[in-house]
C-alpha cells in the first residue's frame, strides 16, 4: 500500500475528489435514471395502490399481522448500524484505515435510516395519521404513549438520524471548504454555505477536533441503544420466540454484521466506479474482512444459543417454535440464512479471500440477503406459531410486498448516487493526513522530525 | 487598516517554527492556516481552551430533564392506564430520558462548535486558498511598514516559500 | 380543573399498583366449558350486533376473518376414543393487557370500567397490539368492507363501521353497557343492576354457558360463578389477568 | 474569493423571496376559502328563521326538538308538527306556503345538517339536556340567527374542555364518547 | 424588498397567485361532505329517532318455532334476539335464527310479481303487477281440473295452515302438501305405532339424568335445538340441590359420525349405521333380563326381547357386550333416564322400528309422563290438521308421477324447494317441466321457483302477519304471534294476503270473507280467546297483550297415564337395514347430515351463515367429505384432496377432511351447499349430497331413507383444500381447554394449578 501512495501528493487527492464531484459521465446518468425509474414503479406505485386498497394488498393475515415491511425496516436500520458506529469507534481509537472510507460509510447509515423511516410509512395501516405518534402539544392534551416500545423507536431513530447526519456534516466541513475554492457557479455557492466559511486556522481545527470527538462519544452508545430498542419491539412482547433476553445483543450484532457487509459492497462500488483505487485499497477490504469474520462467529453463537434455550425450556410453545423454525414451512429459508450468514463467511479465514475484491463483494451481498431472511423469519416463524394452535396460519408475502422490497433498494441507490455528486465521498483532509508530508529540500533534518 | 503578513510554507514543521519565532519576537497571536490539522500547535502558541465540553455536558443534563418531564408529564396530563402499569412507569420513561439526553447533547455540541469557532462567517476574514490544498500558511497581523518587514524577515528565515502582505478578504 | 390540579392528581397515581381497584365496575364474563356445545350462536350474534363485515371466501382463505368471537376446537385421542372440546375465544379484556402498553398512540387502553378499550378512530394501524396479544383475538381491517345493498340497513347505529387500516376486537358490547348506564342514570341509580346488561354472545347462548356481570359486586351471578372451583384462566401462567374466566369441562370418566 | 457566506445569501435572496411569497399565498388562499365559503352556514330548502321562532316568539328549543330530552338525537320536527301551528299562523307567507306544499304532497323536507359529528362519535343529547347544559353552549345563540350557522367547531377539544371544566364523571374516558 | 425589477415582480405575483389557488383547493378538498336530516312528514306512533323499538314475533328459519324479539331503530330491523317470554327458547336463539335479518335484507330477494317469458329455468322473467299476476293465476286455477290443483307449501302451522285448508276446500282439491326435507316422519310414525299418539311428545332433557340419544343431533337440528340446548345446559351444570339433587346429567350419543351432540356427550358410541335399533333392543333385553323392569307385562317383554341377547347385538352393532350391559345398567339406574332417537338413526330403511325400540326403552324405565322423561303434548291450539298434510317421499313420488302423467294443471309452491331437497333420482325437476302452470310464492329465486311461470313473491316472516303453534310443544299449548317488525321492503305480499287475493279473484268471498291476513288472524284469535281462555279483560286487551308479549300459553297439561298400543310388544322387532349399492363396489355408507348453518339449504344464501365456521371442522363456504384418518391413509388420501363421491344415482366432487370421530366405513357430508340458484351467496358453491341419494324409502313411514346410500370415493388427483378458519386442532399440552373430574371433586382440585388464583376485588355496592 505504501508503494501505491508514495508518489501521491496532496493535490492528487484534491483533484480526484473534486473531479468525482464535477465531472460526470453518461454512465452515472443512466444508472441514476434506472434507479429512479425502479423507485417509482416498484416502490411508489405499489405503495399508492396499497394506500388505496389497504394493507390487504400485502399477504399478511390475522395472526401474522407483521410482515416483510417490518422485516425491511429492521434490515435497513441494521444496515445503518455500521457506518456511523464503526466510524466513531475507529475515530476514537484513531485508526488510520478508517479515513479513506468513513465518509461513504456514514452516508450509508444516513440513507438506510431514511429508507427505514419510509418502510414505517409503508407498514402502517393509516400512515396519514403518523403524526399522532409524535409528541406535539394539542388542544385535547392527548399525547403518544411513552410506555410503548414503538415510541422508543420513534425517539431513538429520530435521535440517531439527527446525530449521524450532523456527524457526517461536521466531518466534511473542511472538505466543503476545500471544494469551495475549486468550484464555480451554483456549486460554489452551495459549498460556500455548507463550509460555513471554513478557513483551516489552527483554532478551527482545534474546535472541530473537540466537537467531532464529543459527537463520536455520544453516538456510540446511541447506536447501540437504537438497535436494542428495535429488538424490544419484539422482545417486550410475550410471544414465544420473540420474548427473549438475548434479542438486544442479537440485533446489535446482526446489525453491525449486515452493516459491515454493506460497507464492503459500497466500498467496492466506489473503488470501481468512482476511481478511488488509490485510496480504497486491499487494506480496507482486509480489515473489513476480519471484522466480518468476527461478527459472523458472534452471530452464529447467538443463533445456536437461541435454539439451545428454546430446546432447553421444553415448554410446548417454545418447542413447537423451534421445530417449526428448523423443519417447518419456512425451513428452507432458515437453512439458506445459516448458509449465507453462518457458513459462507468462514471463507474469510483465508488472507487471499479477504484481499480479493470480487469474492468479497459476492460474500457481502450474500450476507445481506441472509440477514434479510433472518429478519423475515423472526417475524414469520414466530407469529404464525402463537399460543393458541387454532390460530396458526402460514404467511406468504404478496407481489406488492416483494416489489416494495426491490423499490426500497432502488431508493437507497438513488440517494447514494445523489450523495456522491454533492458530498466529497472520500474525506480529503483525513486522507491527506495519512500521506507523507512534503519536505522542503535542503532543510536541516532536525526540523523535519517531530 | 489592519494588514497581515502572510508566509506560505511547504511543510507544517517550518510553519510551526515560524509561528514560534514570531511569537518570540513579540508579535500578537500568529495564526496557522493549514489543509490538515497540525499537531503540536499548542506547545508552540500556548494551550487553547474550548467551551464545547460545557455545552455538551449541560445539553445532556437539559435533555435528561426534559425527556423525563415529557414522558411523565404528558402521562399524568391525560390519564391512560395501560396494561395495569402505573401511570408514571419508570423503566420505559428512562429510555425516553436516555434518548433525549443524547439528542440534546449532540445539538448542544454543535451549537458549542459553531459559537466557539465563530461560524458561520459573516464578515470576510484572512484567508489563503493555497492553504486549503497543500500549503501551510502563517499569518500575523502587523500594521506599519517596519513591523511587516520584521515579520517578513522572520518568516523567510523560517523557510517561507513566499511572503506577502494581505488584508481581510483579499487573497 | 386546572392543569396543575391534574398534574397533582396524576402524581398521586405515581408508582401505584393495582390501579384498577378504584374503578366502579370490573366487567367479567365466565364461560362454562361444560355447558358450551360449540353451536356458534354467539359468533353470529356478535357479527350482527357489532357490524362485523362479511369478508368473503378469499379473505378467509388468506386468514383474514373478522369475527370477534370464535369457537376453537381441540381434539383429544383417536378413533374410537376421540373427544372434541370446544372453547369460545374472545378478547379476554385483560387487566394486565400486553396489547395496551405497546400501542404508540394509546388507541387501546384500560377504561374506567376495567374494559380493554379499542378506540378505532385513534388507531394508526401499527398492528403491534395484535402481535402482543397471546390470545390472537385482535382483528385488523386489511381492506375497506362493504355490504351489498340493502344488507347495510341492518348495521347497528350504536357501533361504528371500521375503516381500512384499523384494528378492532371484542368490546364486551360496550354500546349495551353504555345504554344500561344511561337507563340507570334515568332511574337515579348510581350502578347498573346485575343482569341488566348482557353482551350479544351471552344473551344468545342457547345452553346458557356464558355469564356476564360485574365482579366488584360480590353478590352478582358472575362473582359466584368465577369462584367456582372449576374456574381457570386460559394461559393464566402469562399473568395477563383476563376478565374472561372459563369453568373447566367436567370429564365424568376421569379419575 | 472569500469565505463569508453573505454573498451567497445575497444570490439566494430572490429565490427566498419567491418561496416566502408562495407560502404566504397558500396560507392566504386557505383562509380565504374558510372565510368566504364556510361549510358551516348552508342554504336550507326553506328559509326557516330561528330568530323569529326561538327569538321573537320565544318558542323553547325543546318544543320543536322534542327528542332532545329523551333520545341521543335531537331530531327535527316533522312536517305535520310545523303545520300544527302554520295552518293558521302566518299561513300566507311565501316560505310557509312552501312548507304547505310539502305538507300537501306528504313530502319530507330534506334539511341540510349544520352540526354533524363523525360516525365514530357517540353524542347523546339526552344526557346533556338532563345535565342542564344550555343548547347555546354548543350550538351558539341560535335564537338570534336568521340562518343557522355552526358557531363552535365541533371538535374533540371542545368536548374535552367542557368535560374537564365540569369534571364530568369519566368525562375524558375515550369510550365515553367514542364507539 | 428594495431591488425588485419588473420581471421578478411578475414572477412573485405568479407565485402568490398559484399559491393562493393551491391553498384554496386544499381548504376545499378537506371540507366535510354535506349531509341531510329528513324527518317523516307524519311520523308513525311509538317511533322516535335514536331510540330502539322492540317487536316480539316468531322465528321462521326452522320448524322449531322459537319466539324472537326484534330490535328496530329508525324503522329498520337491527338485531334478532330470543323472546325471553317464549317457553321454547326462553330468550335464547341459534345462529340460523339470528341470521333471519339477512333473509329480510337479502340483496337477492324478489322485489315484485314476475312472469316467466321464455324457457323455464333460464331465469327470463318480466316484471308484472299484482293485479296481473293474481288474475293470471286465478284464471289458470279456474280452468284447472279440481284434482289437478296442487299446493306445495313449506310446513306452515296455525292460521296460515287453516287458511290453506279453507282455500283448498273452496277449490275442491285436497292436494295440499306441506313439504319439509327434515320433517321427522319416522318419529311420528313410531310414536303412533307405540303409543298410538298423534302428537310428538315433549322430551324433557332439562330434568333428565341420563340421556341415551340414538343418532338424534338434538343440539343442532333435531326438533327444537335451542330448547334442547337449554335443557342440556341445565342438566349439565344448572342442577342445584332443589331440582335433581345436584346430579350432573350424563349424555350418551350413539351415531356413526360424531355430531355436535356427540361432541357434547360424555360418551360417544359408534354403532354400525342402521343397527341403532338392535342396540336399543339389546339394552332393553338387558333391562328386562336383569329384572329391572317390574311391570305386569314383563313376561310379554321377556319373550319379545328374548332374541336380542347382548352377544348377538354386539355382533350386529359392533358395540362390545360390556358396553351394552353397562349402558343398560346406567340407563335403568338413573332415574329419570331418557332415550331419544332420530336423525340418521331414523333415516334408515328400518327407521321406524328403531325409534319404536327407543320408545320401548323409555317405557321400560317408566319415564313416560314423568319429569325428565317423555311427556305427551295436548293438541295444538289450532291448525293441528297441518300435521297430516306433511308430505313424505312417497307422497312426493306420486305427485311426481301425476305430473308425468299430465294430471297436474296448476302447482302452487310456497317457500319450499323440493328441486333442491329431493334426490335427482326422484325426477322431480323433469316432473316440473310436465306441469303446465307453476306459481311460486317464494321470496327468493330458488331452484323450484326458477321453473315457475308466475312469481308472486311473499313477504319474509319479519314483514308478515301470522302465528305459530310450536311442534313439538313444551307440554302445554303455546301460541305465538308473528307480526311485521318493519314496513315491507319491496312490492311483495304475505302468503296469507296472496291466498286471500286469489280468493277475491276466484269469488270465494262468501266462504272466505276476510280481505287481509291480519283480520283473519285476529278473528282466529278471537275464537281462541272466546273458546275459554282464562285471560282477564276483553279481547282487545288480550290481543294487545299477546302482541306485546308475542306469545300466549294455556296452562293445560296432559294428565292420565299413557297406555301403549296393543300388540306392539309382541311385534317388537327391528328389520335389517337395506342399502342401495353393493358394499364391494360402493364401500362407504354416505352419512348426509343437516349442516349447523344451512339447515336443509335454506341458510345458504345468508352471508353470515356462509361465514359461520362449521363447529366440528371450522370450514366455511363449501362442502366437504369427512373420512376416518386411518381409512384415508389406506386409500392414500390426504386432507384437502378432491374426491369424486359416486353412488348408484350419480356423483359429486368434494375435498376430503380427515375427521377423527367417524367410523372407518362411513363418509359424512353436510347438506346445504351446492345450489344452482338462490342468489349470489349460494349459487355454484360446494356440492349437494342429496343429489346422489338413492330413492330408498323408510318402509313404514315412507320417508326418504337418507342414510341408506352406499358410495365409492375416487381420488381426482386434484387438491382443493376447504377454506377454514382453524389452524392446528390439537392442544399440544398447552392446557387451553382444561377439564376436571366430576363436579363433586374436592374444592381446588387441580383447578388453579396452572392459572392465577382469581381474587374478587371487594367494593362497596350500594343496594339498588
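Order of writing sets the chain letters: A, B, C, D and E. Residues in each chain are counted from 1.
Everything that follows uses one rule, which is that contacts are C-beta pairs under 8 Å (C-beta built on N, C-alpha and C of every residue); 3 or more make two chains touch, one makes a residue touch a chain.
A quick note: this is a predicted structure, and the numbers were derived from the prediction, not measured.
Among the remaining chains, those touching subunit A as well as subunit E are C, D.
Under the contact definition stated at the top, the chains bordering both subunit A and subunit D are B, C, E. Chain pair with the highest count of contacting C-beta pairs: C-E.
Greatest Cα centroid separation from subunit C: this falls to B. Ranked by how close its mean Cα position lies to the mean of all protein Cα atoms, the top chain is C. Centre-to-centre spacing of subunit C and subunit D amounts to 36 Å, using the average Cα coordinate of each chain.
A separation of 30 Å divides the Cα centre of subunit A from that of subunit B. In terms of their C-alpha centroids, the spacing between subunit D and subunit E amounts to 52 Å. Multi-chain contact residues of subunit E, defined as those touching 2 or more other chains: 618, 726, 729-731, 734, 736.
Shown for subunit B are the residues in touch with two or more other chains, namely 75, 77-80, 82-83, 85, 120-121, 125, 127, 129. Shared interface positions of subunit C, defined as residues touching 2 or more other chains, are 6, 20, 65, 70, 72-74, 98, 101, 103, 106, 109, 122, 235, 241. Each chain pair that touches appears in this list: A-B, A-C, A-D, A-E, B-C, B-D, C-D, C-E, D-E.
By the touch criterion stated above, subunit A contacts subunit B in their complex at residues 9-11, 14, 135, 140-149, 151-152, 155-156, 158-159, 162-163, 166, 170, 174, 177-178, 180-181, 193, 196-211, 214-215, 218-219, 221-222, 225, 229, 429-430, 432-433, 437-440, 443, 447-448, 450. Those residues of subunit A lying in contact with subunit E across their complex are 316-317, 320, 387-393.
Against subunit A, in their complex, subunit B makes its touches with residues 9-14, 16-17, 31-42, 45, 48, 50, 52-53, 56, 70-71, 74-75, 77-78, 80, 82-83, 85, 89, 92-93, 95-96, 98-100, 102-103, 105-107, 109-110, 112-114, 116-117, 119-121, 125-129, 131-134, 159, 161. By the touch criterion stated above, subunit C contacts subunit B in their complex at residues 3, 6-7, 9-11, 13-17, 19-20, 94-101, 103, 106, 108-110, 241. Residue ranges of subunit E in contact with subunit C, taken from their complex: 73-74, 76-82, 89, 91-95, 98-99, 101-102, 104-107, 219-220, 225-226, 229-230, 232-234, 236-238, 248, 250, 258, 260-261, 263-264, 266-268, 270, 489, 596-597, 607-613, 615-616, 618, 620-622, 628-630, 660-664, 680, 723, 725-726, 729-731, 734, 736-743, 745, 747-749, 751-752, 754-756, 758, 760-763, 765-766, 768.
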